[in-house]
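The following blocks contain the structures, represented as structure tokens.
In the two complexes that follow, subunit A is the common piece, with subunit B as its partner first and subunit C second.
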Partner chain A sequence: MILFDKLAYSSPIRQKSPALKSLFSVGSLVVCVTFREPVVCLLIFLGMMAATLRFACLSPSRYFRLLLGPAVFLALSSVAILFVLSDTPPQLLAIPVFSRYLGISSASFVHWAQLMAVAFSSVSCLYFLILTTPITDLLTVLRRLHCPWLLLELMLLIYRSIFVLLDIADAIQTSQNCRLGNRSFRSKLSCMGQMLSVLLVRSLKRSSLLYDAMESRLYDGQIRVLEETHPACTKEWILCILWLGFCCALSLLLKGGFLI
Partner chain B sequence: MKKSEKRLFALSLAAAMLFVMPSSASAMHIMEGYLPMGHAIAWGAVCLPFLAAGLISIRKTISQNRKALLILAMAGAYAFVLSALKIPSVTGSSSHPTGTGLGAVLFGPAAMSVIGIIVLLFQALLLAHGGLTTLGANTFSMAIAGPFLSYGVWRLCRKCKVNKSVSVFLATCLGDLFTYCVTSVQLGLAHPAAEGGVMASITTFMGIFAVTQIPLAIVEGLLSVAVMLALESYASSELSELAYAHQ
Partner chain C sequence: MNDILMEVRDLSYRYPDQTLALDHVNLTIRRHERLAIMGSNGSGKSTLFLNLNGVYKPTEGQILYEGQPVDYSRKGLLELRRKVGIVFQEPDNQLFCASVAGEISFGLYNLGLEESVIRARVDEVCDRLSITPFRSKPTHFLSGGQKKRVSIADSLVMQPELLILDEPFSALDPTHAQMIDQILRTLSDSGITVVISTHEADRIYPWADRVVVLNNSHILADGTPDEIFSDIPLLTAANLEQPTLLQVSQTLHRAGILPQNCHPRTAQQLEQMLK
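Let's turn to the complex of A and B:
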């Protein structure tokens, strides 16, 4: 139903420690965003790409298509960052507009390129995490980080209900299509409105059924589930920390101008 | 004159981009890695009081009525599904609604801020819309600013005895537009223009994103009206049950 969820469950390293996978990807993400060093970002992007293609169940072409997911946001915001309007012609590209110039200056180009590097490398970090770790495993990590139990409980319940609701929505849309719904913009709007209202009614009904079922099983306000534990070995932790340390050190060196 | 020129050009560029690229446009989620660390932390910190207040109010509600937790969870799942579905769009490209305006009208803004942060986290983890470092900023614009404005407009319209459909439309549409304005401000603050600084950058972002967001807000407003009309006609008992989430 949801592509990322399906891929996460079928990943060959799904049984590895979720804490280790989270540290690896979120740690790299933090390094990317904090230091914003294009070289380190490129390194992290390549590392994450290799790790994802090796350890997740998807083909390279599909991976690159997924990377272009936020393309519209990217394109629109790039326009704002890349193009400048000034009285003097910008260095890289200048188009005279009325009495002024619109174009790309070298400063704006550098800023844009740096932003692209950071954005794509951090998206690749996020993708590694969500393509190898199912949500339930991430919830155990959050529990160990002492996230408030109410929030965790809500997350667990919401995650479980999402798939039920998506199934209902899908079935309703299929039956609407069978009855020649969704033909024009007008009918699409009314079909979607009807579907969403039925969905809300059904979901409320379902939540009350769920409550009855849980009450009859002695629900006292807290759901206790057994956790699967997959401890990682020391070697893996050391490798992960070495990688993060290396990325940090390289960023600091590049920031300080000791290399180049 | 020069600001309007700039806006005009930005608009035309964006329109050109839009026709070249018919892929799916998600709502105004700021992409992962787009904000510097300082901004990401600051926006997260701004969200914390709302989250804490929401959690305290939910805890109080469920101590009196345990069923409210399940209703809230279903509301969250509903908000997620709403944002995962593709809505009919005028330009031919598919787009996703934010769903938070309708959520605020149905479930109340305080509950929506807690549900919103979970929904946004799941959107990042399951749909790759938004991201982990931009979670705070996205939460502020989509789960706090938008819903509170929607709810305010909705209450104001009800007080002034405006027609119910019109008030739902105004609440969700204005909530969406406010979300988009807040996101533009967040982007502008993070990436000020070389000439003109933060303000120039904010107006540019607003001008560019207007192309996708204004039609989206109108469609989402119409959709919310359709949902409310259908709910009113054959689910008024369920609607009254939602008062649990309002407390």
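Let's turn to the complex of A and C:
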């Protein structure tokens, strides 16, 4: 999580309009999910990969390692879709199980491939967004979209607190390690428990201190803060819309069977 | 110079858990002065500050701002907190926003200012405290000294008449401490009354006009830095140290090298006087 955050802040297009980046990424994601067209999904995946590698500070090998996480998850959860149980032997792979067959039929394979294409392209879209846009900028976009302010304030405070609490947790863990904690499985469990309890107490204390600090700056129940705006130029908007339009058109053509 | 800005009369503060943090404290803060409040940990400095800013309401006693008792209504508190800013000891307990500009602008939005005014004021304070170079970084990637400057900017941007800093030098390296020292000087020069709490006698000795010693919820002494720091029994009672420079000049007085009426406040002054 911290890695994603660091990368987002060091991205060369961090200063670009978060609205533009969100439209590019979420728009492509919506195209993937709506049309479920494997060819378009593949195109979007490649496009997003190229954009991410170009505009986020990370090497291709690191990018693929980041994709590995969702890949393992998808592979495990899609087994149930890939394999079917039927009375007649499935076309691609058939394993006799008592009087029936367990295997992969061409229909189930196509379904699986489509699902994987949609899932991976969606992941690549979101990766592009989170690797180039820090959370604070995303909050600006959500605010413009009239997301409820309570939700936005919670996101703002939680996002900041994660880092403060992680620092405290890190310090506690180091001090435990210095005094030979975390040596065996048993001691790891007890150290973890102690750390969590200290963390809870500290975060309660901290929240009351933070409240005092906000109160001293005239907090009136609603958090309003300055947002750094980075307006995008018309050319960039047009390029983004052309890309989305092209993906939509291609999907519609493929759906209608005009190209095959 | 003797114009009284704020006055604390017979102030007592008891926490909801019945701990008595301040016991009949009397204090005056004069306009444009540099006041240092010294005391060991747990002596009640932070509680006193939160009372001055109206975050805590005195259990007993009264606080007057420009001769008027503090009005604890919503509107009165707004007025008080606009004039009295606090910079807390631990920046991590003060900074709640991940973006530097967002953090600094919070108080200004609460004052109900226009966005263009807010933007201009944030830009100005960022320049003044040299925050601009790291302004686009998120607060969690800033160093301790940078966070401290942002937390000072938080209050300074609201253009207070009185700025209170709780332990501004704690946990800072010498470079950053010196930078804060410099900022404190420019603040007083620009007409802001500055109150700081610390136990670093060496840093406070050249800076302060007046020193108040707080110990065990009471005020033990109130005087010029020379009076306070020459009083060894007082310093022992309050767990404080004598500034090194004062020890040196007293030794030089005894040895007859430095005339009795010379009280250097900085190493440079001492050098001048010895010439």
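Note that the second predicted complex is superposed on the first by the 254 of 260 C-alpha atoms of A that agree within 3 Å, B and C clash if a C-alpha of one lies under 4 Å from a C-alpha of the other, contacts with A are read in each partner's own complex, and residues count from 1 in each chain.
In this text, contacts are C-beta pairs under 8 Å (C-beta built on N, C-alpha and C of every residue); 3 or more make two chains touch, one makes a residue touch a chain.
Since the model is a prediction, treat every value here as computed from it, not as a measurement.
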Practice item. Please indicate which partner A:F73 is in contact with in the superposed arrangement: first for subunit B, second for subunit C, both, or neither. Key: first
Exercise for review: With the two complexes superposed on chain A, say which partner A:R206 touches: subunit B (first), subunit C (second), both, or neither.
Suggested key: both
Practice item. Return first, second, both or neither, reflecting whether A:V31 touches subunit B, subunit C, both chains, or no partner chain. Key: neither
Exercise for review: Name the contact category of A:L154: first (subunit B only), second (subunit C only), both, or neither.
Suggested key: first
**Study point:** Touched partner set for A:I135, first subunit B, second subunit C, both or neither
**Key:** both
Exercise for review: Would you sort A:S122 into first (subunit B), second (subunit C), both or neither based on which partner it touches?
Suggested key: first
Practice item. Quick one: name whichever of subunit B and subunit C touches more residues of subunit A. Key: B
Point to revise | First (subunit B), second (subunit C), both or neither touched by A:S86 | key: first
Check your understanding: Regarding the shared-chain residue A:Y9, is it in contact with subunit B (first), subunit C (second), both, or neither?
Key -> second
Practice item. Name the contact category of A:Y219: first (subunit B only), second (subunit C only), both, or neither. Key: both
Review point. Of all the subunit A residues, which ones make contact with subunit B and with subunit C?
Key: 5, 135, 157, 159, 164, 206, 210, 214, 219
Check your understanding: Which bits of subunit A are touching subunit B when the two form their complex?
Key -> 2, 4-5, 26, 29-30, 32-34, 36, 66, 68-77, 79-81, 83-86, 97-98, 100, 102, 105, 107-108, 111, 115, 118-123, 125-127, 129-130, 135, 138, 148, 150-151, 153-155, 157-159, 161-162, 164-166, 169, 182, 185, 188-190, 192-194, 196-201, 203-208, 210-211, 214, 219, 221
Review point. Okay, in this complex, where on subunit C does subunit A touch?
Key: 50, 53, 55, 78, 81-82, 85-86, 88, 90, 92-99, 101-111, 115, 118-119, 122, 136-141, 154-155, 158
Check your understanding: What residues on subunit A touch subunit C, complex-wise?
Key -> 5-6, 9, 14-15, 134-136, 156-157, 159-160, 163-164, 167, 206, 209-210, 212-220, 223-228
Review point. What part of subunit B is in contact with subunit A in the complex they form?
Key: 2, 5-6, 9-10, 13-14, 17, 21, 23-26, 28-37, 40, 55, 58-59, 62, 66-67, 69-74, 76-78, 80-82, 84-85, 87-88, 90, 93, 106, 114-115, 118-119, 121-122, 124-129, 131-133, 187, 191, 193-195, 201, 204-205, 208-209, 211-212, 219, 222-223, 225-231, 234-235, 238, 241-242
